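So that you can tell them apart, the chains are marked A, B, C and D in the order they are listed, and the count of residues begins at 1 in each.
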Amino acid sequence: MAPPHSFSGIIPYLVTPLTEDERIHAAELARICEHLIGQGVHGLTPLGSTGEGPYLLEADQCTVVQAVVEASGGRVPVVPAVFSRSVKGAIRQAQAFERLGADGIVLTLDSYFPIPQPAVKHYFETVASATGLPIILYTNPHFQKVDLGIELIAELSHNPKFVGLKDASGNTGRLLSIADRCRPGFGIYAASAHLAVSVMLLGGQGLFAGPACVLARENVRLYALCQAGQWTQAMALQKVLWRFSEAFASYNLAACTKAALEHQGFAPGQPMAPQPPLTAEVKRRIGEILDRVQQQAAAIGVQ
Amino acid sequence: MAPPHSFSGIIPYLVTPLTEDERIHAAELARICEHLIGQGVHGLTPLGSTGEGPYLLEADQCTVVQAVVEASGGRVPVVPAVFSRSVKGAIRQAQAFERLGADGIVLTLDSYFPIPQPAVKHYFETVASATGLPIILYTNPHFQKVDLGIELIAELSHNPKFVGLKDASGNTGRLLSIADRCRPGFGIYAASAHLAVSVMLLGGQGLFAGPACVLARENVRLYALCQAGQWTQAMALQKVLWRFSEAFASYNLAACTKAALEHQGFAPGQPMAPQPPLTAEVKRRIGEILDRVQQQAAAIGVQ
Amino acid sequence: MAPPHSFSGIIPYLVTPLTEDERIHAAELARICEHLIGQGVHGLTPLGSTGEGPYLLEADQCTVVQAVVEASGGRVPVVPAVFSRSVKGAIRQAQAFERLGADGIVLTLDSYFPIPQPAVKHYFETVASATGLPIILYTNPHFQKVDLGIELIAELSHNPKFVGLKDASGNTGRLLSIADRCRPGFGIYAASAHLAVSVMLLGGQGLFAGPACVLARENVRLYALCQAGQWTQAMALQKVLWRFSEAFASYNLAACTKAALEHQGFAPGQPMAPQPPLTAEVKRRIGEILDRVQQQAAAIGVQ
Amino acid sequence: MAPPHSFSGIIPYLVTPLTEDERIHAAELARICEHLIGQGVHGLTPLGSTGEGPYLLEADQCTVVQAVVEASGGRVPVVPAVFSRSVKGAIRQAQAFERLGADGIVLTLDSYFPIPQPAVKHYFETVASATGLPIILYTNPHFQKVDLGIELIAELSHNPKFVGLKDASGNTGRLLSIADRCRPGFGIYAASAHLAVSVMLLGGQGLFAGPACVLARENVRLYALCQAGQWTQAMALQKVLWRFSEAFASYNLAACTKAALEHQGFAPGQPMAPQPPLTAEVKRRIGEILDRVQQQAAAIGVQ
């Protein structure tokens, strides 16, 4: 395993398998982790948006982290997402995950009221000082009201506790500006399947995303092509893989990822209510698209 | 006390007093409730946005509800806010508050991923069927990603469990459309100080809002003027009271309400981190505005 | 006629009748003006959004203003909308309309790039200094990128060239704040059918809006009720009239107003392309709603 | 010159030089065109957003196009932007520019009221059928209310009149989806300096943008690196060039581009009022950044 403060490559956002009465299905989660490690992924992130982290009660979040840490058994780093509105809540989660054996956290600030950048900074720094784990900053302006500004990210990057940034803005200009300002060695990670190649071309370290949970082998291959400087081939593969993510746009992210895993033989269950379950028809379509994308990826060299 | 399913008049959104280490200061909360009941308010809502409900851990939420129920002692209804992303979490809160003696709940759906109206409906109906408490629907498009559409509100209004709506859209056209469609007897409540008179003129039942925690007597008078059909005087008073709310726009709502209560001799403490505390200078300004507004209200007949 | 710097009451936003090949149908416009004056309206505004002003070439705009000025013959003031991105363009329009005999203008700043408040101020003041006409400020944050801030409106209100504000924010808090800061005598006008009573209750002077082009008599009655302090009856009438505006929400504003006038026996033609024309079925529905609303208004005393 | 229906490479968005009294300074515009052609650009676009097209009166727009056509003298294609709310206005502009000798147009739909996709389609197709010029579709969701959906772009791409798309969404996922659906040979052009390399890596034809008006030689070099498949070097150069565009974010685009050209010895004048002119201090800063970026570009091989 890489030293815990260095994350790179393809790190899938895991789903959270649920039983019919909405309890954590830890055994199925372990099966999915085993499968992904077999496909060559470089880390595992439970409790992200794909993993419905923001919908889970704290006790359930701990059950999830424990299951993933045990399933990995130290083979790849486990980097759960921490998502909280209060400093107090974030510290509780971070410390609980540290005790359970996590190798790092992806730290997000959720917010009810908008707050100014100094308060955002206070959140990240106070949580960092309360845990020994390396932290990946995460900001998603599409789902959160609080954003990490470019200057604040640059400033935080000089605190060695913060080892990288997963930026879901989808804004390549913002990424160029951030890459230009952060300390050398600070990681930049793609958050979306359509940006993976661009992020790696500009010096990024990898991809944290839900679709890698379903197209793990293909994403590992994409990463290898980027590492080898084969940019045209990497882009050709990304174009194919994007057809899968594209199909998600009209549906709930967790529901789609669960449907795709079901098509691959797993039993992740439904998304947590009130997120609506998919119809059998939609699930069938997702399965078809997944099969086609995997065939197309195979046709250009990924098997 | 009014029968539990009938809420009307001025129902302040309570702050949540905190100690320096961010524990609930229940005694101070009780003091504030006693004061408000003395000023004539018609109900009490803990855990709303003013009360930092979305920032509190579940155990702290229960401590708050218990303190308010005990302080009221049955004199005015206690209607805590329930705010959750999952059906499961909302039911846990609603049932806990019911056991603690609440008289109703203000029910909100928070959401990470946007969801369609049938899923929104599922949330409200499933929670309603799991509690014996009357429910006030609450939707705030400024802070939440999920909205209750006009048609859905009209449909829910025919379920007797739902006794009214607090609508924070600030859109008077939407309010007219809703009032036109809901079952007779379904309550419409203003959520903002600038809409109180308009809402009551169109047949509304009252006001659920944070500023009523600070200007309780004045809002009780405003309600009485509306009840008496003295609309011009009511609007004149509302104009004066709005000067106070206006001053809040640049700052954090919970922090401002706490500062105003501090100026009135209470000790509500700071807002929960990372919400920034106000500077002494800003607190002083809020105190000045509050004094001036109370003098102006007195000058037009409220003492 | 009232002195040109004093506008009050119901001032319909006129449609712009078009022939099949998209030329101005001046005779039909004159017929509509004659009808509205007969219904008791207190002024006429061509070239607003309802009048597709932003879609018309400059020569066509002049044809429209000339037709309305001639039709009014000095009986009611004519206050065309000026809508431009550049100071230069706005001055050209204002001066042309002044030469054609307009009594005032409703002045809007359209903008491609967002600009700061001092540049917004520069626009309004430079145009004001280039025309002898009294000016009503207009700002519509739903359709424009540039807003007039509260402080800027207050400042402009002290320039006697600016005689009032039509505010389409729909935000009653903003209206209270503005009314509290502007010079005495500065007019506040409702821009939406759902706000007319609230605006007049807080001291406003009238309504500038498209639906008054179709429900002229009813809106004149609404204004009289407000003038007489009969707020409950005014609100009851507004509730009825709102059912008509509500039906517009799903369709193009100009197209709906034209359809309603067609139902009343006028020939306003289609909206300018690419705004889509309504289907016969939608036109039929609009006619039905209009009939029903007029019956309901009659039932509570407007005939 | 390439056949008129085939545009590729670096096509700067030209500024519109103005005299002090806001008339078109055609001679200076010709000087800038001559300079850019000397730097190797592959086409010229007047009247885009950088060129303040939406702020200009129609007669001034024609003066601009005529000056650019004459300056080019057939050496590079001239592709002015057409920007209108109505079909009628767009056709007038397109036909006027065609008569003046333009080689194509970049066609945009501005809109006051939002309209549905079939109406958007009607606009583009009707304008296309009224001109013999090849058309580049342009859509900018940041500044316009009407968007071209992915399916509509794909459909229009099969009409040979539409030769490509300049997409300013900045959304690489959207670009992948579009590239996947359009007819072979349909051009995709970057609209932003931060996306140029990514767009060309995914098969795009070039860049239409304002900064290429100031950093022409460097952008021509960037294009050559992409053509040669030297992606890492291209990205390194793009990182350097981005530092210039980044500096624009806080100011008005036209004003900044004019200031940079002034620093290079041209006399483009001020932006059209009410767009605010830059202070001397800001102009000085822009000059400094421009010098530094050109030095950094030279250091990695562009001179």
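Methods note: a contact is a pair of C-beta atoms (placed from the backbone, for glycine too) under 8 Å apart; a residue touches a chain by one contact, two chains touch by 3 or more.
All values reported here derive from a predicted model rather than from experimental measurement.
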Ask   = What chains do subunit A and subunit D have as common neighbours?
value = none
Remark   = Outermost chain relative to subunit A, judged by CA means, is C
Ask   = Could the interface between the copies subunit A and subunit B be described as same, meaning over half of its residue numbers are common to both, or is it different?
value = same
Query = What is the distance in Å between the mean C-alpha positions of subunit C and subunit D?
reply = 37
Remark   = For the pair subunit A and subunit C, the C-alpha centroid-to-centroid distance in angstrom is 51
Note = Touching two or more other chains in subunit D are residues none
Message = Chain contact topology under the given definition, line, ring, star, complete or other?
response = ring
Query = Name the touching chain pairs, please: which are they?
reply = A-B, A-D, B-C, C-D
Task = Write out the stretch or stretches of subunit B touching subunit A in their complex.
result = 22, 49, 54-57, 85-89, 92, 109, 112-113, 115-116, 118-120, 122-123, 126, 143, 145, 252-254, 272-276
Message = With touch defined as at the start, can you tell me which subunit C residues reach subunit B in the complex?
response = 170-173, 175-177, 179-180, 192-195, 197-198, 201-202, 229, 231-232, 235, 238-239, 242-243, 245-246
